[in-house]
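In what follows, structures are represented as structure tokens.
Heads up, the next two complexes both have subunit A, just with different partners, subunit B and then subunit C.
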Partner chain A sequence: MTATQENPMRATTRTIDMPLAERKERGRAKGAALRLEAVRKVYGDNIVANDVTLDIEPGEFVTLLGASGSGKTTLLRMIAGFLEPTAGVITIDGKDVTSVPVHKRKIGVVFQNYALFPHMNVLKNVMFPLEMHKVPKVKRKELARDALAAVKLENFEDRMPSQLSGGQQQRVALARAIVMKPRLLLMDEPLGALDRRLREAMQLEILKLSRELGLTVINVTHDQEEAFTMSDKIALLADGTLIQYDEPAALYSAPVSEVAAEFLGESNRFEGQLVHEQQRWFVRADDIEVELTASAADGFAEGDRVVAVIRPWSISLSSADSDEQGSVGTVSALIYAGESQKVLVETPLGREFIVRRSLDSADEQLHEGQLVQLSWRPDHVVITRPR
Partner chain B sequence: MTSSPVVTAPAAPRRRRFERPNFWTLAGLPGIVYLIAVFGIPLVFIVVRSLTDPSPANYAAVVEDPLYSASLWRTVQIAFLVTVLSLAIGYPLAYAMARSGKRLAMVLGAALLLSFWTSLLVRTFAWQVILNNTGLVNQFLLGTGIIDEPIPLIRNLFAVLVGMVHILIPYAVLAIYASLRGIKPEVEQAAQSLGASPWRVFTRVTLPLSLPGVAAGGILVFVLSLGFYITPALLGGPGDILISQSVVLQVQQYLQPGMGAAMAVVLVALVLLVFVIATRFIGLGRILGVTGAPGGESR
Partner chain C sequence: MKANPAIKIFGLVIAFVLVAPTIIVVATAFTESSIITFPPKGFSFRWFEEVLTSRQWIEALQNSLITGAIAAVLAVVVGISLAMAAARGTAIPRTGLTTFALMPMLVPLVVIAIGVYLAFVQIGFYGNVFALGVAHSILGIPFVFINVLAALTNLDPRVEEAARASGASYPITLLRITVPQILPSAFVGGLFAFIASWDEVVVAIFLVTPGFKTIPVMIWSQVREGLEPSTSAVSTVLTVVTLVVFGIVALLNARKSKRTATS
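So, the complex of A and B:
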């Protein structure tokens, strides 16, 4: 858990973070509970969803994260009802919906390419679900305008979708998906086509909106940063299999496998043997020895082959003399990335470390070729099984 | 209906500034020369002839003489009927092709194109064989004892409609098919997820988005119907003379080429009129099938 504390990614959510317990209390009234039981989808002999079991509580914001082709969209489409699972059961609030047609599921869906009705203006797009659900005519405009106001598009009612920017279109799609106040909102890479700045702004807006409405949200992305910023829980998929389903911090601090660790962003990984000596735990590789805490070693036995994972943010650098002890290396590259600096350090034995530092810190200036000392706290080291 | 797709579909750029001829203008030159030589110049001759042989009074006759105006009016009526029938029968076919599995779509498409590529004359004669008093249909009905004597299936309006619809329906189907294929599946899925039953998805989303294709197919069928000659001549009755048949009669039987020319010009004018009206609503490129369907493209 501690490993994430200095990760600035997490900081962005704090401002709009309401205690999860409180949100669940509100969410219980509004958001839906979703359960997948051994949901399976097979195309020919290609298993695209491999007995996925997932429990999502009311009001939770869950992200399906995984590489391209890992089955995220397929899973989402089965929840929405566009696809029928080969086997398994999907329940919403305890009711089996596996064979309920899409239009009766009352699930909001936001598509990657927005899927607005090109022949209707913005207001008509947003009023469409109201009409389908036979909301009295007099109320439709008002409700649609409220939804448009929620996505800050009050003055766009008469525009056609083709006259909107990508971000505006996605807002309309969002307004259209929430105007009927569905209890479950599905989003398939809703921000995939937007540029970075807009994406980050929209992330916050979507998050805020879903919290205000107490919606249960399932979001698909392959952007791990987005997953961390937005989610209460992340479901990590690889080749159709759910490999880990947990809170972001837990995923970060206790990845179940090297695959999981790898997916959650840059990391320094050392495969070696778990050693227990004088009440202390180490991962011993050929060229390096990494100490960890007893709690990190929990669940592993001495002699296991494991992978030690150290996040780039957990490593600090100080200038070193060549005769100094511990891990020493040469700065091989300095890369500026926004508010942080990425430093590549090469050890004499040819191993490369990735280190991240914030620019505004009082850290001393580094230059390429400089000899530095690498250090980290043992409680920032996590271990996991090799792939 | 201010938001109908027909109105809002981006119109093809109509006015272009004169520029130095580029490569493509030069590449198109032989085609333009060819068109002028075999179509433009003869057309000028016909217009001149219609005004001078013997006089512009030809046009007065076309409009006033019930003999001619009736065939003109009948032509428009039949073209209209053929258009409505082609669209009504063609739409479900196009829908099946666009939305069914690969295999069915292939079979339907192959059947359509096969009939499309078969000579018009052959297809018309085939209908003669089928609809004759001694044709397939009557033989069958007589054989099974449903009727005692052949029913008149040929040399009447019915046969003309059957033949023309059969020959022209591929244009309607292909135009509608193209616009249906242009609709993104997500747009229909979005409608579903927003609570629309399959029927409502069709009436509120699919149909309106395919209307440009319907209009394009309809205009093509209508315009082509106006000039039909062989099929109505072979399948129609003596009372169902269409304008193109009248033209031939004027020239060959009554030896009044000026009169025939005037009718031909009226026919061309009619076609142009339809196109001008149509292009006010949908782009010319769309009718001719050179621009893509808008469908779900929302950018």
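So, the complex of A and C:
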């Protein structure tokens, strides 16, 4: 095959590690800017999207994260144009598309169940969007092959969808979604049906591909790990309401509420009163006092009811003598999870801590029933409002 | 699972009652004598020879085949349209459309026959394959409709959405994505529609003329004049064609279930 000179799908630059600002610069030409303004969807008296306002910049990878039924799919389907909002405006690159039909929005969509055309082979599936957009016949095959190469599926052109594995079907679906080089790619739990290893491999590939193409991507998932590995920004939804929209790190370190904190993975939470004594800040609960830094207390006032959040990775354990001071507990369970170990520690007052440690760390071996000392650094404590 | 002996015997009796007439007719077609007897005397193909060399029978055979084909094609087109409207349309409620499409199965055949006769004679549309084909297509519509509607209901709506997102308008999506997926079911429905026409007498009797007859009508008029082994031979041909068509249907279904099993 003749080499096409500037086929972005064959770009070899390692854009995956490029900082967001730089990618945005590249993406501006290719990715679309998306804006939702007070988008609302109501079924009967069930508010499924509650005045969601969201600004997505060109080239950004945004994940809609939320529990089942929180309205992620509904929001995505309104962006795609499969559903019309009850109220509100959706703009792509500043143009109001709220009432533009799906097939004129020029977006790529990937569904959880792949949704390949079962009566067409792989190549025809990928060529379909080209045909619909009246790309000259002579070019279609080559473009479709490029897209298939981009998802590493070169030798499957003649297979029917029913002759492919789930992962392969999803690659075809991805190739079909990007073959027209859309500026906006929407994915609804694209990896939900794949096993863990394949899912992680595909996450990386999708990320790489979308960055090489400079695409703006909106991905739906309820897997917080996936959201964290892939996203530039995460939009956290609960019951149709956007509760936080920020970069993953910010979401992790400054959850706006206990709901947000809870959703972003396991955490140890202590509800209590914020106290300020001798230039130091504490959250005081019945059975425990947790110190935090002044910057973490920023935005809160002394006497507020707050929730202190300590991530499982931030706690370290050491063996303790029974008479030692501080937070002491007994190991109630040891759970191995991949490369890490999860330790449940119960305090004498009945509070359970979740602690994570890496397996290859030089930490001493623990055993169930052992008495341990729990410790953490005050700057690893964040506080948020109770639910 | 072991069947109760009583149930087994009951089943055998029913099966016998169902196939016995066919066996008798087929057997008598191979007789050597000039009158129908059972059991048949000797064994020969002479009555088949007579039928297949008779201009009258050959013409009737052609008429029946063409009428059946026309009826099947029309039933497929109308059946698909009605099923689409029932499954995807919003203008007419689904139950209303379903009742309408299944009407030919519910209304007594004579009533349909008289209705068609009155209408067609008015405009002088009878005595040819087209008139009878159109009339018979009415009888075939329910078969296509039921098959296609079932197939449509089982389709994944996301596949159509994927086509829409690929830039296909709604009509193009129906044409390029939806219809091809339900075509195998429509084809099976069409085969049933063909059979419905192939052995139909009541409606046909109203629309035939001395110069235009179908096989079942010929058999009917011949039987009234007196039974001959040639009638049995023709009936055997009629049955064989029907069985072949059902064989095709069974084959298609087997292939379909194999495909869905592997996917």
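Just so it is clear, the second predicted complex is superposed on the first by the 371 of 387 C-alpha atoms of A that agree within 3 Å, B and C clash if a C-alpha of one lies under 4 Å from a C-alpha of the other, contacts with A are read in each partner's own complex, and residues count from 1 in each chain.
Convention: a residue touches a chain if its C-beta (ideal position, glycine included) is under 8 Å from a C-beta of that chain, and two chains touch if they have at least 3 such contacts.
The model shown is predicted, which means the values in this text are computed figures rather than measured ones.
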After the alignment on subunit A, I want to confirm one thing: do subunit B and subunit C clash, or do they fit together? clash
Which superposed partner A:Met180 touches (first subunit B, second subunit C, both, neither): both
First (subunit B), second (subunit C), both or neither: which does A:Lys152 touch? neither
Return first, second, both or neither, reflecting whether A:Leu116 touches subunit B, subunit C, both chains, or no partner chain. both
With both complexes overlaid on chain A, does A:Lys106 touch subunit B (first), subunit C (second), both or neither? both
In the overlay, answer first, second, both or neither for which of subunit B and subunit C A:Met132 touches. both
Using the touch definition from the top, say if A:Ser162 reaches subunit B (first), subunit C (second), both or neither. both
By the touch definition at the top of the document, which applies to A:Ala80: first (subunit B), second (subunit C), both, or neither? both
A:Lys124 in the overlay: touching subunit B, subunit C, both, or neither? Say first, second, both or neither. first
Hey, what residues of subunit A end up touching subunit B and subunit C alike? 80, 82, 101-109, 111, 113, 115-119, 128-129, 132-133, 161-162, 173, 176-177, 180
Going by the contact rule at the top, pick out the subunit C residues touching subunit A in the complex. 156, 158-159, 161-169, 172, 176-177, 180-181, 259, 262-263
Quick one: which bits of subunit B touch subunit A in the complex? Just the residue numbers, please. 3-5, 8, 10, 184, 186-187, 189-198, 200-201, 204-205, 208-209, 294-299
Within the complex, subunit C is touched by subunit A residues 80, 82, 101-109, 111, 113, 115-119, 128-129, 132-133, 161-163, 173, 176-177, 180
Per the touch rule above, subunit A residues touching subunit B in the complex are 80-82, 101-109, 111, 113-121, 124, 128-129, 132-133, 160-162, 166, 169, 173, 176-177, 180
